[in-house]
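The letters A, B, C and D name the chains in turn, as written, and every chain counts its residues from 1.
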């Protein structure tokens, strides 16, 4: 029987390590697709610029309005949570451009598989903000009919929805349709096995799915480098999925790369991974306290990259802003906030007996038995107290 | 009526379901050209093409998770988990997604998915190939769990499972794949309800409730007992979630005695729920406590020990004796 | 004796275990700087360093699977699963590896791992944050499953779990994290066996067996019952695998009546095993069938419905009445 | 509320797809590390050649002997299965070089986490082939004490062992030791979430682990392209794990790249992924029938690349072979086969009551209760039959 050999001296690294290679390449401003400069000027050098060349003054103004409205929804929901009207809220503050930019690229027959933070995407899909509140209030596990808006309700198990998106995309493919599924997820989610399995299935079947990662730098208290030393975008490449890294705070760049990814999907070229580099400016949820784990300096740094300020600078640079427009925007935001607040407070809460509804689509004797015995119990209880 | 082995009957049932509904797609590992390691999907890819019989990458969570998406798109996926022990990597998708999506969305999203799992021991296999995980799934609200024990049920129940608007975990007793029986391929989906137990042999002294691979075993025990003048009533449960307690109660009403047998560990196995509920429902009619026999609270053993591990006719008869001794 | 909230007591118990054995390492999501979302590991990374309190990537199977490797290397990992509903992605590693490795290797490989899972409802959380998955694990041979209900047990039992040579699933009733109690930080590991139930209140009419979050609820019910002249004996099971049937049997021997309560679905919940076994063991002593109350066979509901879903003192008392009516 | 925008025309692909790039780069003979040419000549051009420069005539002859012995163990086990002495066997035929080459690079304090096919690795670790038989015979779930040989017994759940290896490596790191864990797995395993999670943990913690993938082209009936369109080696790069593709039928090349990977691990540089390109010349297991899913031509093609023939050609080219040596080799193989056969047939089978042994390390009342009641039952049974 052979025993192991002695260890020889090993000469210097004959193969490059991707970590070394990439560490150089990935300083943020180098490979990020960016279409609005920090000065608010649209850049034209990028090959992606052509993809949003059709976005003119009116659409830019409507985009800015959406960004403001979405931020307002977020602020109002945070306030409602503080007032006890919601059980929890996961703020999107800072991620408005990543969400609005990508969502506006989608077609009506595309289907969004969201995580729990995509209020901006939901808004663009036409979901009434009041519907969004229901889930966070604790009145329902959903909030709207996914088929009505082409978007799922919140997925709480991190990463689970990426497989659903991939399977839905396989269905699109089997139907011979020309639409796409879009999976939204965070930087933390990329560590989950389900994400990698989704990448694998999507690559193998060339499924028309767009993997849209909002790298907001944090997974609760864990900085992104705990999930990956490399840019998240690199992750897709090992699966054969073309990947794009985009400035997630640049609404036009996000829209452009999403259009690109969708076009690939529509035309049978398969999946694309987009990493939108952005920042969660608020807490993970209203239960979280970021001061326990991150420095104010980091928050300050990202404040300077505010996604709304960027578009506002663009609008100003292009002379598209005036008092009337700004008032319109403010009115829109105010109205949305007012309506979601009253909608939320006026929620009709589910009745106890609804516990047994829609557990199954078809009759189930155990449910019926439990429903009956619970009803009988409630009656006994009532009898006793009366 | 055609004589068929259980495995072939499920194959024929799958073919039937695929012919009658173009939305039915099969997904799994090695189910295409190979026809599955047990050949249950044999010939189906050739017949229906690679779009409808999909060999997937080797990832169970991926299979179930993408099937959820396919179902959302209007398909009716039938997933094969190659062996019982490989259902666990998909456990999260099954219990948190498949089971809950319909309820989560108040019925907006249907989940008409079938998950086929060859289960149980007795084939001399290596580790993780002989598990009986049915209690995990039966304890999970939102799933339906059934298991066939013979060819006729294999053919009928797989079609019913696929036709169900709810997700069904379909357990196939792998060591019975080669047992033959009469199959009525024309049997309508309504010919016997999916969620009804069946009295396989009527008897008067003790009721034996069992399912899947142990039904044959219980029948053997009943024959032996009959020779000794003991009349056993054998019930094939067929459905584990829901469990058909009415049929059980009726039988125990006749016999006053119940023995439950399964391969899964007795501790918190399906027999626990049956014993608990029948002890409650038949409190004044039981002449002896409900006895349970089954797997021990140990990991499934290596092949050389499985005869010792698996409940056989002797162990059933021993329990019958103990029941009658009270 | 110190007065401490349950969460703090577990924190102190962890500190104790880490001080006395350098091989104890904590692993999990957000357990370092943040101290865990419930702050149960607060201050420990600062005290013991990043090598011993490891913030892992966001992947539960990865946490448990790497902890298996750490254990094989001689470490004693204590893994935190952030919420009950996130144990499922790690289910395969838990049931096929953690539970089986010792048996697979005939004892060559020990698996002294503790998996801490904050569980149960009552905190108004969103989906997947209020699950009671204990039956899945208790049905799995090779695991030990325990749950504390008060600060003293939190401190003692977490140390015992970590000291155990076997893998222990350690369920922490999250809604009781803030409930205070007296803790003897010097209590020796032998002061009370890990796998022994405790009679919290002695009584004569009906035994209430429960665990974790519902122990407080049962105590409240006992007080109300006492006012009505009904004497309830409340048993805190503490251990779910094994279950301390001897203590239960002794109690039922005294009262003749048993009600089991838990938050998990009644169907195939831990109460099923208790009802089955006590019905068998106490067949001639039970004056009424064992009654079970608990979660319904539905997914855990949204927060606004959890008061309706969760067993409360009224539901326990209703079961007591039903038991006494027989 | 905004509705979705119209779909613009999308210009030609502005970003390259990794699939396209790699499809060019990865014709087998181009990037494979290879140190023995098909003519049996050692090549010296590769930077990896230096890593096995110390392997001289004696060691080459002993390597060849190992390869032959290992193949013989495999053949004997297959025969034993046909004769009903084993329940199952997973042949390594064709993968001898990948296993012996890598295993001989390992140090005694390295730890192997194997799948179920690494009989060659086990042999090199010093495991008696009789011990290997026990598992496949169905007499035990293990076969040997992992600590005795620095190698785990078969892991059946595909991919599960990669996380164990990573965790063990984290333990090595915490100990400040200079050794490595090595995870062996197949091409199919790379699709499992656990594999990706292992890559993620290993990369994040720079764990001293070598991921050794034997890409034998098949996962039962599924060809490797169902798991990945790209070379498996690419998979690691997206996680920041340096990856090497090696001719898995070239025992020296495999040894060299493994030494390289180990050296990286020992020196704190973290994980490496090795893809050893090889072929499963036999069935998946003795239960399998490859003629159902693959063409004889493929098998013929790989027969020409037989890993043993290559070393034999080398030995011949270097004049290291003579009748006495060949006889020695044959004797070694014969003796090993004889001993494993008699060891296997003579296995002392476990007794029924051993079912209850070592379920737990500490006493457990339920086990004791079941043990006692089973013993009582066996006694009753005996009484009845006597």
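Here, contacts are C-beta pairs under 8 Å (C-beta built on N, C-alpha and C of every residue); 3 or more make two chains touch, one makes a residue touch a chain.
Please read all numbers here as calculations on a predicted model, not as lab measurements.
Chemist: Comparing each of B-D, C-D or A-B with A-C, which pair has over half of its contact pairs in common by residue number?
Modeler: B-D
Chemist: Counting only C-alpha atoms to place each centre, which chain is farthest from chain B?
Modeler: Chain centre farthest from chain B's centre: A.
Chemist: Using mean CA coordinates as chain centres, what's the gap between chain A and chain B in Å?
Modeler: Going by mean C-alpha positions, chain A sits 40 Å from chain B.
Chemist: Please compute the C-alpha centroid of chain B, do the same for chain D, then give the distance between them in whole Å.
Modeler: Whole-Å distance between the two chain centres: 35.
Chemist: Suppose each chain is reduced to the average of its Cα coordinates; what separation in Å results between chain B and chain C?
Modeler: Chain B and chain C have C-alpha centres separated by 31 Å.
Chemist: Of all the residues in chain D, which ones touch at least 2 other chains?
Modeler: In chain D, residues 140-141, 157, 191-194, 197, 200, 204, 226-227, 359, 366 touch at least two other chains, as defined above.
Chemist: Could you check chain C for residues that touch two or more other chains and list them?
Modeler: 56-57, 59, 61-62, 85, 88-89, 92, 96, 100, 103-104, 127-128, 141-142, 241, 267, 296-299
Chemist: Which residues of chain D touch chain B in the complex?
Modeler: Spelled out, the residues of chain D in touch with chain B are 87-88, 116, 135-141, 154, 156-158, 188-189, 191-194, 219-222, 226-227, 287, 292-293, 349-350, 352, 354-356, 359, 366-367, 370, 374, 377, 380-381.
Chemist: Report the residues of chain A in contact with chain B in the complex, numbered from low to high.
Modeler: 111, 113, 140-142, 145-147, 153, 157, 160, 162-172, 174-175, 181, 193-194, 197-198, 200-201, 204, 357-362, 364-366
Chemist: Would you mind writing out the residues of chain B in touch with chain C in their complex?
Modeler: Result: residues 61, 85, 88-89, 91-92, 95-96, 99-100, 103-104, 127-128, 135-136, 138-139, 141-142, 241, 264-265, 267-273, 275-276, 279-280, 283, 286, 288-292, 296-299, 326 of chain B touch chain C.
Chemist: Would you tell me which residues of chain A are touching chain D in their complex?
Modeler: Touch residues, chain A against chain D: 1-5, 7-8, 10-11, 13-19, 22, 46-48, 50-52, 54, 59, 62, 66, 103-108, 123-126, 128, 190-197, 200, 203-204, 225-230, 234-244, 259-260, 262-264, 266, 269.
Chemist: Using the touch definition from the top, list the residues of chain C that touch chain D in their complex.
Modeler: Where chain C meets chain D, its residues are 25, 51, 56-57, 59, 61-62, 64-75, 92-93, 96-97, 100, 102-110, 112, 141-142, 144, 164-166, 195, 241-244.
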